[in-house]
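Going in written order, the chains are labelled A, B, C and D, and every chain counts its residues from 1.
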Amino acid sequence: MSKHNAIIEELVTANRILAHEGIVDSFGHVSARHPNRKDRYLLSRARAPERIEADDIMEFTLEGEPVDARGRKPYLERFIHGALYEARPEITSVVHNHSPGTIPFGVTGKRLKPLLHMCASIGHDVPVWDSQKKFRDTDLLVSSMAMGRDLAKLVGKGRSALMRGHGAVVVGTSVRQAVWIAIYLELNAKLQMQAMAMGAVKFLTKGEIDAIIGRQKSFSYNRAWENWCIRAGRKMQELDEG
Amino acid sequence: MSKHNAIIEELVTANRILAHEGIVDSFGHVSARHPNRKDRYLLSRARAPERIEADDIMEFTLEGEPVDARGRKPYLERFIHGALYEARPEITSVVHNHSPGTIPFGVTGKRLKPLLHMCASIGHDVPVWDSQKKFRDTDLLVSSMAMGRDLAKLVGKGRSALMRGHGAVVVGTSVRQAVWIAIYLELNAKLQMQAMAMGAVKFLTKGEIDAIIGRQKSFSYNRAWENWCIRAGRKMQELDEG
Amino acid sequence: MSKHNAIIEELVTANRILAHEGIVDSFGHVSARHPNRKDRYLLSRARAPERIEADDIMEFTLEGEPVDARGRKPYLERFIHGALYEARPEITSVVHNHSPGTIPFGVTGKRLKPLLHMCASIGHDVPVWDSQKKFRDTDLLVSSMAMGRDLAKLVGKGRSALMRGHGAVVVGTSVRQAVWIAIYLELNAKLQMQAMAMGAVKFLTKGEIDAIIGRQKSFSYNRAWENWCIRAGRKMQELDEG
Amino acid sequence: MSKHNAIIEELVTANRILAHEGIVDSFGHVSARHPNRKDRYLLSRARAPERIEADDIMEFTLEGEPVDARGRKPYLERFIHGALYEARPEITSVVHNHSPGTIPFGVTGKRLKPLLHMCASIGHDVPVWDSQKKFRDTDLLVSSMAMGRDLAKLVGKGRSALMRGHGAVVVGTSVRQAVWIAIYLELNAKLQMQAMAMGAVKFLTKGEIDAIIGRQKSFSYNRAWENWCIRAGRKMQELDEG
């Protein structure tokens, strides 16, 4: 299979996994940078993630222009993806979701921080982007490159961020890593809410987070990916990870 | 298919979706205004929503009289529907449910308010109707037009209301919109309980709610509807939405 | 089908429903008084409720003696059932379970009270039985008629009671009613925990509880029963409820 | 079937049950001491528990050396198992997991204690191991015998322990007992969080815990095991428990 087709398959699987694991409902999306053109990305047409098939995957310029739409209607919020690929040359996948655990953190300003070793992947800090601050009363959707770039600026060099009253965004150097981070961001949020209700929380130390991130490789992601694939009714494909 | 049959299919699907998404258990109901007669509505006979089929859908006058019962026993609480169609000429669908997240708000008087963008659809304010106030010690069921009208008066021009010790009611300009609001009312309730336990909550602003409501069209509802249909084992029908 | 066989079918279904709805896990049981002999009851051999079949149902004297064991090992805690049938001639079904929502109430002494109309069926008051009080350090199991009678005394004329560190017990005038009460006891517990975390709770009034209990008839139970049967993969049987 | 093959079947089933009951996700593992050699144990290659088959089960020395790897990659954290078998000659099974309820206790230092009779199996006390204390900033994984022995020392003569920011470990005198303890440890954690939010908790007394542990035999474990097997799609095997 060509690299291009392999990434499309990977995206279909990623959408199904995110839906099956409760990270997206009828909304939310996951993209990949085009394997041959750094200035393009691949993202489904506007459709519920649980339903997405290979023919739904469209190609976009970083500005969000569809390359060959063929009547397919894109997600309004595709600018999240383009702005992050523009700002972060090293990343190759972006997830935007509204997973339930992340919402209470976004609207209370309580800081999400990793407390479980698998969740170190969310990064040292998970900042909160509030569209009110710069764009005032909007429908909260990231519907322009200006909004996308403002969000990307807040993400900075991080791995994840929350969006007040809206959801979260996650970046990765592979689709599997981005999906991993999105899933464990949600788990950390749920556990942190419970822990905070019990008392003072001992979060992972800076050194622990660095040590864990330094160790997490495709081997870890693949172990979970194999499992998530089967749960979501998808076949795991072998990737050339060289 | 005739408009009448299309609405019946739509109602069967709506019942199955509400059951599958955990908004109704063995109780609760969804109705539609008759497509050809403004003074009639369509609602299932008394049966668990998960089990409802096309032959269960009955026709009622706004006063709650069955037009052609053929031995089918109606819901005792059909007056909720008639009173809302009477008071609100523009609405064409009503959901009454007992979804678990809404109950704690109804019995504590804490105000439910939208905090997530998809939940703006519940409206600026979700008032609580307490049958005690006017009808004293009852079995809490809305079993007369007098009770239905009192509830409809509280709903006013709103999109949703809670009923103390009982559940919620939601109105829409289409079956799909009413189902959407009922589902996101439940999600907002769950998230708001969690957020309130963490600290002060930044709800959506008035301007944000207006902006979101102004944007939400059948396209949004259909994206979710397609997904909910398949989850509930139902085929999505194309509606003439002109 | 004979009344005896009908009750056995009803008990198998009740076990499957309680398992499917999360009221029992691998433990917990439901019994029925013998339809022809007031001094006997029917209860499964010691087996997980989700697995029980007609041949597992045994007959016992009120003292807990198996009438025809045929090698089947009875539940150690069958004395709960016998003692309640002895104390309450009008009841014909008993459920004993460890549903998760009821446990926190049993160990904190916070009083469970109905706050949702369908939950009025649990009765005005849900007392807590603590085996420590009379029997000191035991394995908490109700393993003798002395313990069963002490529990039955606490239940009094009520419909449900909690057991500290152990679970709950529920009585009904039919298997369907007892299952209903057990399911809505669990729901009330979950909702009450959430409501109490939010603020002062307005419970159902005494008059409301009486009005609801006065109205709940086999028609209500049957609507839910039909739904629960199908979910649990069981056929609903028509009962002669005359 | 040979004892060796029976234990391998038992381990496959244990992995599937732990996954199906939500005790492990894509990580976590369960081992058994070799039935014929006290200085060996059996544990899967590094794979998600839900996916494990008989050919995945490897044999290790207590030091964690694979006896016949045949290209299979072992779990990095196998040292947890070896160190516990070394320290506790009487145990024959170990579970290591990250079940969600246990994490908040590990990071807040609130003590988990049995409050429900089936949960007495977790033991009188559930200490918390913090790898920081002796090993400073690590990736939190138990990746050496030194770490494994430090953890085993904390477990002492107990039945379970938590690991800060990481998960839990459980030991048993049979695979079925270890699985039972892991499942009821998670249940106790969830219930204790809810109870603590409501008020002061009456835990099981020391005498009650001893009485329950004294009574729990393979008969209890088997009743649950039969049920868990079928839920997880596995056949229950008859064990020679003489």
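Quick note on the criterion: a contact is a pair of C-beta atoms (placed from the backbone, for glycine too) under 8 Å apart; a residue touches a chain by one contact, two chains touch by 3 or more.
Bear in mind the structure is a predicted one, so any value in this text is a computation, not a measurement.
Touching chain A and chain B together: no chain.
Of all residue numbers used at the contact between chain C and chain D, under half are used by both chains, marking a mostly different-residue interface.
The best fit of Cα atoms from chain B onto chain C calls for a rotation angle of 90°, in steps of 5.
Per-chain Cα centroids separate chain C from chain D by 33 Å.
Distance between chain centres (mean CA atoms), chain A to chain C: 46 Å. Residues of chain D in contact with two or more other chains: 197. Across the complex, chain D meets chain A through its residues 25-27, 46-48, 50-51, 98, 100, 103-105, 107-110, 132, 136-141, 164-166, 193, 196-197.
By the touch criterion given at the top, residues 115-118, 187, 190-191, 194-195, 197-208, 210-212, 214-215, 219, 223-224, 226-228, 230-231 of chain B touch chain A in their complex.
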